[in-house]
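Presented below are the structures under discussion, each in the form of structure tokens.
Below, subunit A partners subunit B and then partners subunit C, in two separate complexes.
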Partner chain A sequence: MALNYDPALIGRVFENTDPVPVSAEMVTNFCQAIGENNPLHSDPEAAARGPYGSLVAPPSFAVTFRNGQHFFQHVPRFGKQGFDAGKDVEFVAPIRPGDSITLSSHVKEIYEKTGRTGSMVFVIVRSTLKNQRGEVVAHVDHRFMNRP
Partner chain B sequence: MSTILDLHSHSEASEDSRAPLEAYLNWLKLRRAERPVDGIVLTEHRQFNRAADYRALEDRFGILVLKASEVETDYGHVLVFGVTDEMTRRFDFTDVNLPAARVIDEVAQMGGIAIPCHPGRPNVGLCEHYTRKPPLENVVAVEVLNGGSRKGEDERSEQLVRSFGYAAIGGSDSHLVSLIGLCATRFAHDIRTIEDLVRELRQGAYKPVDFRPRRNPVAQPVAEEVK
Partner chain C sequence: MPEDNTPKDFDQIQIGDALGPEEFFLSKDQVRAYARTTGMWVPRFTDDEGARKEGLPGMITPGNMSLAILSKLVTDWVGMGGARMVRLGTTYRQPVIPNHTITLQGFVTHKNAEDRTAEVDIWIENEEAERLVIGTATVQFLK
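The block that comes next holds the complex of A and B.
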């Protein structure tokens, strides 16, 4: 089956969110929610003596930043069924309280494969997170599986 | 000297694997007694990574690393050994509906060998396609032992081999570090290059070997009741 989509959509940024300020309370709440007790993420004094010089958010905090409400309108669909097939996260730099995080997204890749259960089309949407200085802090690849 | 190779594995170059090659080799070094494989073949999905050079890792761990590809065809998945530039020009490896008959014949003409893998698997295995379409010609071997097989799949593959007289290979189909080397192929002769491998696969002096651990027998409470 030839996949029918406009190749121009690959790489075209469709989402730029407003900055989301990160507070120490957000980091603390996140740590409590996931049971993280590493002092680098929960104890400002210990974190000040650590490799980052101050409190930093746990790496998985990067996936808490959400795309805009029209995100799914821009994710190509193939067939009627599908589901979230997971995320790959590349951590580039720590996120700290006081940062403001923006998120931009584009379709990175579309490919087809076959497996035990039949044909599948995967759509990979990459969200790039940047801080207020324009530094990339993480890439999050959202993997969506479609059943054609 | 014989050689044992895991003929089917996926590194993080495949989109559904998270296993770095270095971790595979380190794991095999640690598990040498249980999985005595001399080398592995990376058969990445729908691609061939010609530029990748693994010699430094091979030397460090003393384990052979060869490169091949797993493509998808109208008769299921097929391992292609001895991939050449001409093959990647002639076939779009990303196409999930490649014509299997052409792949088998033309890969052979271009100096390689194409071997259907996990034939007992639903949808992507040869057995199911043979129930709807005529059998392929010029198949030399199929993968009978696959480390990712579910109950009954390897048994279907064995039945296929008995019915059609194909030679049989084994591979772990590993996508995770801890699964590498669980199934492999024992060759009668020494293999050091992909050309050696293709030659041996064509000649047929090999058999699949299974290093998967056997589960301990479960206690039988029923026997107690019978007493």
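The block that comes next holds the complex of A and C.
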């Protein structure tokens, strides 16, 4: 099947979110929800003596930052059935309480694969997270699977 | 995390070394707590009845929460301060249904002495030993 989409959309940033301030409470609640009790993420005093010099959020906190409500209008669909097939995350720098995180997103790649259950089209959307100093903290690749 | 959180020593790691197994009961309340704190409070993650209306067997665990649980398996294995997880990839194969016991485990697949990284395969299993979520991660050791 030939994939029909506008090649110009690859790489074009379609979303820039407003900054989301990270509070200590957000990090604490996140840690509680996933059962995280590593002192680096839960004990400010112990974390201050650790390698990061202060408390940092667990790496997976990076995937909690969300795209805007119109995000899915910009994600090309192929066929009716589409779902979240997984994520690939590159952790570049820690996120700390007090940071302010923005997210910008673009379609990175579209490809087709044939598996045991037939043909699948994958749409990879990359969201890049930056802190208030403009430093990249993480790249999150969302892998959406479509069945044409 | 495990009682012993001494930093993992890169030189001691061998291909095939195990992560876990770590078994725990994933409650609906824990999934709701995650949904609440991450702004994912929608029926499929919070309420059986609402999830069934969406054609699901009942409420399911957000993929991001499965990712977080696997992330913690890796960072617990690494211990405190000696290394950093630099990459984590996950594939959601089947929904993780709460109110069941899940098992987290994995093993070391590669070791690269040059850049002091180790790669691991990790997964979440249900009681029937089906791998619901699979992933790979790269850990970078300091020094």
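To be clear about the criterion, the second predicted complex is superposed on the first by the 148 of 148 C-alpha atoms of A that agree within 3 Å, B and C clash if a C-alpha of one lies under 4 Å from a C-alpha of the other, contacts with A are read in each partner's own complex, and residues count from 1 in each chain.
Quick note on the criterion: contacts are C-beta pairs under 8 Å (C-beta built on N, C-alpha and C of every residue); 3 or more make two chains touch, one makes a residue touch a chain.
Owing to the predicted nature of the structure, the values given are computational and were not obtained by experimental measurement.
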Checklist line | Which of subunit B and subunit C A:F72 touches, first, second, both or neither | finding: neither
Next item on the list: Based on the superposed arrangement, let me know which partner A:L40 touches: subunit B (first), subunit C (second), both, or neither?
Entry: second
Next item on the list: Scan A:F122 for contacts with subunit B and subunit C and give back first, second, both or neither.
Entry: first
Next item on the list: In the overlay, answer first, second, both or neither for which of subunit B and subunit C A:K87 touches.
Entry: second
Check: Which of the two partners, first being subunit B and second being subunit C, lies in contact with A:E112: first, second, both, or neither?
Finding: first
Margin query: Between subunit B and subunit C, which one contacts more residues of subunit A in the superposed model?
Written below: C
Next item on the list: Under the contact definition given at the top, report the residues of subunit A touching subunit B in one complex and subunit C in the other.
Entry: none
Next item on the list: Using the touch rule from the top, collect the residues of subunit A that touch subunit B in their complex.
Entry: 1, 111-119, 122
Checklist line | Residue ranges of subunit C in contact with subunit A within the complex | finding: 1, 5, 24, 30, 33-34, 36-39, 63-65, 67-69, 71-72, 75-76, 80-81, 84-92, 135, 142
Item checked: Interfacial residue positions of subunit B with respect to subunit A in the complex -> 15, 45-46, 72, 76-77, 94, 96-97, 121-124
Margin query: Residue numbers of subunit A touching subunit C in their complex, please.
Written below: 26, 29-30, 32-40, 50-51, 58-60, 63-64, 66, 84-91, 143
